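Both of the next two complexes hold subunit A, though its partner changes from subunit B to subunit C.
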Partner chain A sequence: MSALETLRKSVKDPQKIAGEAKAAGKKVLGYRCVFMPEEILHAAGIVPFPVFGTPEAVSLSDAYFQPNLCEFIRNIFDLALKGKLDYLDGLVLCNTCDAVRKLYDHWKAYIGSPVCYMINNPQRQFTEAGLKYQYQELGEFRRAMETFAGKPVTDDALRDSIRLHNQTRSLLKQVYDFRKPDSPLLSGEEAMDVVMACMVLPKDRANALLKQLILELKQRANPPPSHGPRIMVTGSIIDNPALIRMVEEVGGTVVADDLCTTTRYFWYSVDEGGDPLAALARHTTEKPVCACMHPAEARLEYMMDLVKEYRVEGIIYFNLMYCDPFLYEGVMFKKKFEERGIPTILLETEHTPSGMGQLKTRVQAFLEML
Partner chain B sequence: MTAKELDAKLNLQAGRPTLKSTIDASRARKEYWAGVKEAKRQGKPVVAAFGLLPREIWHAMGVPVLGMESLALQVAARQLSGRYCQVATEMGFASELCALHLSLLGIAGTSQRDAFVEDLLVEPDLIVGSTFACMSESKSFLVWKERLGRPCHVVDIPINASGPGVPGRTVAYVAEELKGLIAFLRSNGFEYDEAKLSQAVDCSRRTMELWTRIEECRKAVPAPMGAVDALLCIGNTLVSLLGTETCVTLFQSLLDEISSRVSCRRGLLDEERLRLYLVGIPPLYHLDLLDYPAKHGAVVVKSDLDFFGGCMMSPDLLDPGRPLESLALKQLSDIVNPCFDNKIENAVRTIREYRIDGVIGLNKRGCRNLPASLRLIKDAAWKGAHIPMAVFDLDGIDPREYNDALVKANVDSFMETLVTSRTGTGI
Partner chain C sequence: MLSIGIDAGSLTTKAVLMEESKVLSRALVHSSTRNAAVAAIDECLAKAGLKAGDVLAIVATGIGRNEVAQATGHATEIICDARGAVQALPDARTVMDLGAESSRLIRCDSSGRVTDFVLNDKCAAGTGVFMDAMSKALRVPMPDMGELSLKSTQDVNITSMCVVFAESEVVSQIHRKVAKEDILSGIHKSIATRLYGMLNRVGNEKQVVAVGGLARNIGVIKWIRELAGTEVLVPEYPEYAGAVGAALIAADRNKS
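Here is the complex of A and B:
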């Protein structure tokens, strides 16, 4: 099996990977989101596992949350209530959006796993006060994980872990380079699968597969079809490639993406010199990838860099219903992108894939306009 | 029972204040807003402030502030929000966003404003936004910033994920953020004198001490003060005037008035059968709903909005000698700070101390924060005090989907259940 096939296969059943780690006697902590420093868990010998939703409709969770709360978060809580996340020893969250904060409250009250931890990270980035505070927050988190793991997290272990995770980031960036040519060698759907696989796989395994994938892509004889306009997909979390597949099926060439399950995860590396905890704190406070954070201008510049680097001709901005940060940002950024000559369409979607036909028609019309 | 008969039965007119202090508080709020307009006329820069940041800083530095949430609440009370929410959706914003913020976006997005709004609004020279306390607060001010192109400063307030024991590092970080706000205001021509800030914090401490005594009086049976007075009197003053001598004076007269009612056992109802606790934002455009349960001999004796402005914390924790740390702690202890450990505890304590018979929770459509606490409070109320809670869908800001008959039918049904369970005999 090729590396691409192996990676894509592993993301089809991520729970299996976590389940295997658990069965092997490891402690497994679920987490959300890209601001959670996996390196600290890894250095403590804990398996960090990014919790995704499933296409399953929400049921039990509706008795706890109002239906006008992010369906992605309701979906995760639903899985937990149904016992489908029982392989987790707990959950680690970061201070991002309202829905994540509510998940924290409810997980603590109703799920009762050994760990439910909120990293209370600052939301104003690029400030010295924020950096200092985040350093303290991560120090506290490190101590909590040491207690949970029953072993110290040494600076050396943290440095090793940072190097390992940086290698994943660097290899993923190399893989993304194959999307830059006029005819990209990797489709948007494939790219998303690759990143999500690297999020769930042990990093040494992921890195080996990525190295093999890079060799395969250099010689790829049958690249995906790419006749349509070069598109960047952005917006709320997408943890199911169906939307990207749909864009590609109707003729868009998805060459770039700014999502929690793609570039936001790996775009910025952690400094490998000096105090490793300080490097992790700097990484999270200087990574302008999320609409929950300030200043918005930094995020806009990061996105414009992606637009230039991947020669994007149009942006599709998928907003999950009730995802407030992106619902506000989408309207403001659409104007900004269009002022810079990049046509942008805002589309509102549900987490459970439905209404795809209507979305398809709108995407088609947008692509024709381009 | 007709509305007229109902009024005759009550010592009140539904939806109207019953206390002189409430009328004084409304007057003080109007004077405050008129003062902002006058400051603008005199050429002082006016700040549009989002995120319910410590009012003490504004007062200490003499900053004329348009409190944007206060503006939206006043617009809602005039039943005008729907129109501005509609404008915002025409601007491209999703209709399921918070109506309070949608109405502010709509006000920013149109020049065709009602006379009432025009009368309140002055064009701000500076924008201060905040990450406190929800994503709508954290994002909507950016639209004003874009529209007006004015200098803008953002204050970051993390969540309080630790309940009553807020970690020192979080308090220190918020104090640093408040220092940043002061630096921004100074760079725009306002003067800072720490002694004045200490005085403002001292005013807040005295206000909160009075508040604590007022709350003790409110626990009396029959209830001397209902939710309408609390919302208009306490809400009006805490939103705009906390940190001023005016606020202290208003709270002192409120305490005097309430104490006198308690000493002569004068309540809102002659015969009080049920005592209710309200969680969420009531329909500001239909405050009469707050007095509607009187039909069943029930009084809304307490609302969680009364805890607004840091009133869940002990006044002793406000130290005028350490004004910024005190304000940081107050901000982190505010009822609207997300995460519910301390709120749940507070709700159960309130239910016990106010001898509550039932809790009404209001699910505001566009809010991701408060409604998500309702199940937690409902379970805590039942487990901790064996008190039932009913939850109604009701947007307190946007009147467009409000169905008075349906809401009142739901209230009737809940009241009947409470009476039945209390007497064991039914109605």
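Here is the complex of A and C:
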């Protein structure tokens, strides 16, 4: 099986990978958010496992959350209520939006697992005070994980862990380079599968597969079809490639993606010199990838870098209904992008794929317009 | 060069037969008719005394566009609306399509090329079916609603965006013996307010042109004019704008 196939297959059943780690006697902690420092868990010998939702409609969590609240959070809580996340020893969250904060409260009150942890992130980024705060906060998290793992997390172990994770980040960037040519060698759907696979797989395994994938892509004989405009997809969390596939089916060439399950995860690497905890703190406070963070200008700059690097011709926002941070930024960013000559469309989606026909018409018209 | 544009909408299916930029015939059938697209095309051909073999290109648009077997190509409603509106009124730069189940606000250039658009969310508020429900609640036939609303002497606010809730709001107004024309005016204002919001989002650029079946309703148009402070023009056959655009696109594609 090719590396691409192996990677894509591992996303189909991520629970299996967590199950294997568990069977090998490891502790597995679920987490949400690209701001969660995987390195600390890894250095403590704990397996960090990104929790994704399912395309299934929620049922049990309706007893706890109003239907006009974030469907992604309701979906995850639903999975937990149904016992489908029982293999996790707990959950680690980052303080980003209201929905996540309330998921924490509900998890603590009703799910009950050995660990339920909220890392606080200063939302105003790029400040010295914020950096100091983040350093303390991560220090506390490190101690909590040491207690939970029953072993110390040394600076050396952290440094090794940072190097390993940086390697994943830089290999993913190299894979993404194959999307830069006029005819990309990797489709948007494939790219998303690859990044999500690297999120769930043990990093040494992921890195080996990525190296092999790079060799495969260099001589890919049957690249995905691409003739439509070069599109960047952005917006709230998307953990199912169905939307990207739809854009590609109607003729868009998805060459870039600013999502929690893609570029936001690997774009910025961690400083490898000096105090490793300080490097991780700086990484979190200087990574302007999320609409929850402030100021918006930094995130806009980062997105414009993606636009330039991947020669994006149009941007599609897929915003989850009730996802305030991204819905608030949407219109302003659309105007900003259009001032810079990049047509942008704002679309509202649901986590459970529905109304695909209506979305398809909007995307098709947008592509016809470009 | 003969071409046909067919707009398979959610309520009605429209077809136009064109020779270059001249409309030879039009046909409108209910979309629930069996083989509505075939019926509309056949009617167009019969009216012009032509047969299917004479037409080189047929482009289908509208929600049912992919189900039109005769189509040689497809295009979205958004692209076709803009093209059709500019064909009818060359100064059109902002096109409002007031359809049965969707409202679209489109900005375009002088050639009818789309530069931006917004659509109503997945809800019938601000569309033809909303008006249909109100027509039933008030027992005023659809074609008379606009005219009657102009006779209103008092402001009534209908605030619900949901068809079902708006209906109960209207019923409670009826119980309170509010005059029908005042309620109607309030209904038209509520639709127009929603469209005015969309107009602001897409950018209110002159000339604003309204197309689609609901563009025939003077009550809605009056309120949009008032709210937006701008003239809103309606072409002679507003419901055919999408079909005309499709026919023009069919001819273009056949030439290139």
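The rule is simple: the second predicted complex is superposed on the first by the 370 of 370 C-alpha atoms of A that agree within 3 Å, B and C clash if a C-alpha of one lies under 4 Å from a C-alpha of the other, contacts with A are read in each partner's own complex, and residues count from 1 in each chain.
We adopt the following convention: contacts are C-beta pairs under 8 Å (C-beta built on N, C-alpha and C of every residue); 3 or more make two chains touch, one makes a residue touch a chain.
Bear in mind that the values here come from a model prediction, so they are computed numbers and not experimental data.
*Asks:* Regarding the shared-chain residue A:Pro55, is it in contact with subunit B (first), subunit C (second), both, or neither?
*Replies:* neither
*Asks:* Is A:Gly274 touching anything from subunit B or subunit C once the two structures are fitted on A? First, second, both or neither.
*Replies:* So A:Gly274 meets neither subunit B nor subunit C here.
*Asks:* Figure out whether A:Pro114 sits in contact with subunit B (first) or subunit C (second), or with both, or with neither.
*Replies:* Touch partners of A:Pro114: none, neither subunit B nor subunit C.
*Asks:* Applying the document's definition of touch, where does A:Pro343 land relative to subunit B and subunit C: first, second, both, or neither?
*Replies:* A:Pro343 contacts subunit C only, not subunit B.
*Asks:* Regarding the shared-chain residue A:Cys292, is it in contact with subunit B (first), subunit C (second), both, or neither?
*Replies:* Touch partner of A:Cys292: subunit B, not subunit C.
*Asks:* Touch check for A:Ala365: first (subunit B), second (subunit C), both, or neither?
*Replies:* second
*Asks:* Thinking of the overlay built on chain A, is A:Ala63 touched by subunit B (first), by subunit C (second), by both, or by neither?
*Replies:* After superposing on A, A:Ala63 lies in contact with subunit B but is clear of subunit C.
*Asks:* Which partner, subunit B or subunit C, is in contact with more residues of subunit A?
*Replies:* Touching more of subunit A: B.
*Asks:* Touching A:Glu329 in the superposition: subunit B (first), subunit C (second), both, neither?
*Replies:* After superposing on A, A:Glu329 lies in contact with subunit B but is clear of subunit C.
*Asks:* When the two structures are overlaid on chain A, which partner does A:Gly355 contact: first (subunit B), second (subunit C), both, or neither?
*Replies:* A:Gly355 sits against subunit C, while subunit B stays out of touch.
*Asks:* Does any part of subunit A touch subunit B in one structure and subunit C in the other, and if so which residues?
*Replies:* In subunit A, residues 331, 348 are touched by subunit B and also by subunit C.
*Asks:* Quick check: in the complex, which residue numbers of subunit A touch subunit C?
*Replies:* 331, 338, 343, 348, 355, 357-358, 361-362, 364-366, 368-369
*Asks:* Spell out the part of subunit B that touches subunit A in their complex, as residue ranges.
*Replies:* Interface residues on subunit B, with respect to subunit A: 91-94, 96-98, 131, 134-136, 138-140, 142-143, 146, 154-156, 158-159, 161, 167, 169-170, 172-173, 176-177, 180, 338-341, 363, 365-366, 368-369, 371-376, 379.
*Asks:* Which of the residues in subunit C end up touching subunit A in this complex?
*Replies:* Within the complex, subunit C touches subunit A at residues 63, 75-79, 113-117, 119, 121-122, 201.
*Asks:* Taking the touch rule as given, give the residues of subunit A at its contact with subunit B in the complex, in rising order.
*Replies:* Of all residues in subunit A, those touching subunit B are 63-66, 68-70, 95, 97-99, 101-102, 104-106, 109, 118, 120-124, 127, 129-130, 132-133, 136-137, 140, 291-292, 294-296, 319, 321-322, 324-325, 327-329, 331-332, 334-335, 346, 348.
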